[in-house]
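Across the two complexes that follow, subunit A remains constant while its partner is subunit B and subsequently subunit C.
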Partner chain A sequence: MTENFEVQFIDRDERTARFLVRGVSPAFANGLRRAIIADVPTLSIDSVRIIENSSVMFDEQISLRLGLVPLTTPPNEFEEGDIVTLALDVEGPETAYSGDLRSDHELVEPADTNIPIIELKYPETADSPQRLELEADAVMGRGRDHAKNQGGVAVGYRHLQTVVVEDDADEYSDSEPEILRGVIEERAAEHAVATDGTGEPENGALVATETFDNDLSKRYPDKEVSVRDVDDAFVFHVESDGSMSVDELVTNAADSLAERATELEQAVQL
Partner chain B sequence: MELRVIDKESTELSIEIAGEDHTFMNVLKGALLELDTVQAATYDLNPEQSGGQTDPILTIKTDEAIDPLDVLGEAARNVQQKSENFRDAFQAAS
Partner chain C sequence: MMVPVRCFTCGKVVGEHWEEFKERAKEGDESPEAVLDDLGIERPCCRRMLVSHKDLVDIVSPYQ
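Showing the complex of A and B:
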């Protein structure tokens, strides 16, 4: 099958990206979304050895919180089931943060350093401060087994949409906002007004609806408009939890689909 | 991925694909339906807690002249091709 995909980035920064994919079927788009969420392995703390815990929280509660800390997962370094050891040692009066975790692998560290684990005190009546010391094993696992291993958070897609100008709006009717969210492909530039930072309207341009306050009546004043989906074109929104870049998430997800297809093909031939 | 043929006739196939879920099965079903030789393709997947059969069962009906197993192989190849094409297009754009 000679399918040609066309990918175009709409916006991107460190942890989020929005991109348009053309030529993709709804089934494939959803498979990709699900693979990004559940099938890209990341490191997460899975078992904890408590050496000392005189804080006000149970060991189990602390362990749960540690598990939810995203850890950076370098590409092609680990396989599923691999283990990295981390350690934490904090004494009150101080708050233990995710950034206090030290790992035995130079490329593995907490993706965010400012997640509070627990506030440790030194009560006046006590002879010693509260203390938390532990060792933890982070395991490479998949989101389908535990949500702490999800590399993608808030992953979704919408159809690319386009606006058709039907007619002029009624001259004496009240103008009402017409709210639309997502990205539109401009096909009626002659009726559109320039919106923030997007320059002169031009047919074929991709316009994020935020640029006109998600309100079509601001982009096409005094027009009666309708909205259509563009076939086989999806705008993906992918946000990473910091364990890897959006690019790695998406390519790993595509690879995981390809791998399974290869496996099936070989199994069928036997 | 373990396959277990449940029912096989000259133009019909029922096969269990162990260890897969909607992520892959729906993509595969989509690829099967894109083939002209396939008359019908569907899969059934019960939820984890339902007990009993929780691995997906894929059912394919084909035209007279073609073996459904060959069709399945072709669809799998197409999924692989698509995923690779997508990855390349994505990397080229980023």
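Showing the complex of A and C:
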């Protein structure tokens, strides 16, 4: 790559982020999206040794639920295929939660602790309470092999859009809402109306459409507007399942792209 | 039987919010719409996971 990408954050949180990348082709944007979903390895439970299960669910059903629990995956600590062992031991009448899982690695724990795994009972007719005891192996794997290893949830992107003011709206026409979603780059600030939380309209500013109710007629009242895509600029929406922060997720995905590109380059040179 | 851990469609963890949702919307008198918004469950695919769920453990457990 000869030129640098320009990255600007619109929202940034531990688990969700929205950012603008300029100077990328649609193919690269999709490559990054796919890398975030399929190529960032995360830990998730892969095999379970049931010691006792007298709950109302079968062993397989419980194993499936355990597999879907996101586990925190510390950066640069594990390689693909590495194993962490977890254990769970709960006796009824009580609900087994994901937070009851204990791991043998201090940095690995369930990212969400409040997921019910199975409700255990102490039926009146039974002479002992229902009990669930098991050991599980969490394996570092990729989203391309199993969806439980996807670090990114609902990852997507759309073109950055901009609004062009064509003309004044017809004075006597009924104003109709013009619904638009995503992020717009302000280029006609003099016609725009300040909406909550964004301050005065300013050229070059990035405005999320929810700040004006996704309705362009509220942002540009009494104007006839058209919407255009900005070339080579994409707004990504990334959500993490909790196994790592969005920052790490995206950086790891970009690294994996770079790695594969280098690999290809070397392979071609031979 | 038990609430699904993740949304079938997008993979967001929804099981995490089930108990609060149940307490506030199913057993309480808050509107499910407001509770889901409050919990940060925005997409329709994740919302239907909680809205349409029914716990069945109590119904099945006597037959174990």
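We adopt the following convention: the second predicted complex is superposed on the first by the 269 of 270 C-alpha atoms of A that agree within 3 Å, B and C clash if a C-alpha of one lies under 4 Å from a C-alpha of the other, contacts with A are read in each partner's own complex, and residues count from 1 in each chain.
We take it that a residue touches a chain if its C-beta (ideal position, glycine included) is under 8 Å from a C-beta of that chain, and two chains touch if they have at least 3 such contacts.
Predicted model only: the values in this text are computed from it and were never measured.
Applying the stated contact rule after C-alpha superposition, one finds that A:225 touches neither subunit B nor subunit C. Of the two partner chains placed around the shared chain by superposition, subunit B is the only one that A:19 touches, whereas subunit C remains out of contact.
In the superposition on chain A, the chain among subunit B and subunit C reaching more residues of subunit A is B.
After overlaying the two complexes on the shared chain, residue contacts for A:238 are found with neither subunit B nor subunit C. Judged by the touch definition given at the top, the superposed model places A:250 against subunit B, while subunit C stays out of reach. Of the two partner chains placed by the overlay, neither subunit B nor subunit C lies in contact with A:184. In the overlay built on the shared chain, the residue A:114 is in contact with subunit C alone; subunit B does not reach it. In the superposed model, A:263 makes contact with subunit B only, not with subunit C. Subunit A has no residue lying at the interface with subunit B in one structure and with subunit C in the other. Those residues of subunit B that touch subunit A in the complex are listed here as 1-3, 17, 20-24, 26-31, 34, 69, 72-73, 76-87, 89-94. Against subunit C, in their complex, subunit A makes its touches with residues 54, 56-57, 61, 65, 68-70, 98, 111-112, 114-119, 121, 123, 125-126, 130, 147, 150, 153-154, 239, 241-242. Of all the residues in subunit A, the ones that touch subunit B in their complex are 1, 3-9, 19, 21, 24-28, 30-32, 34-35, 38-39, 144, 247, 250-251, 254-255, 257-258, 260-265, 267-269. Across the interface of their complex, subunit A is touched by residues 1-3, 5-6, 10-13, 15-19, 43, 55, 57-58, 60-62, 64 of subunit C.
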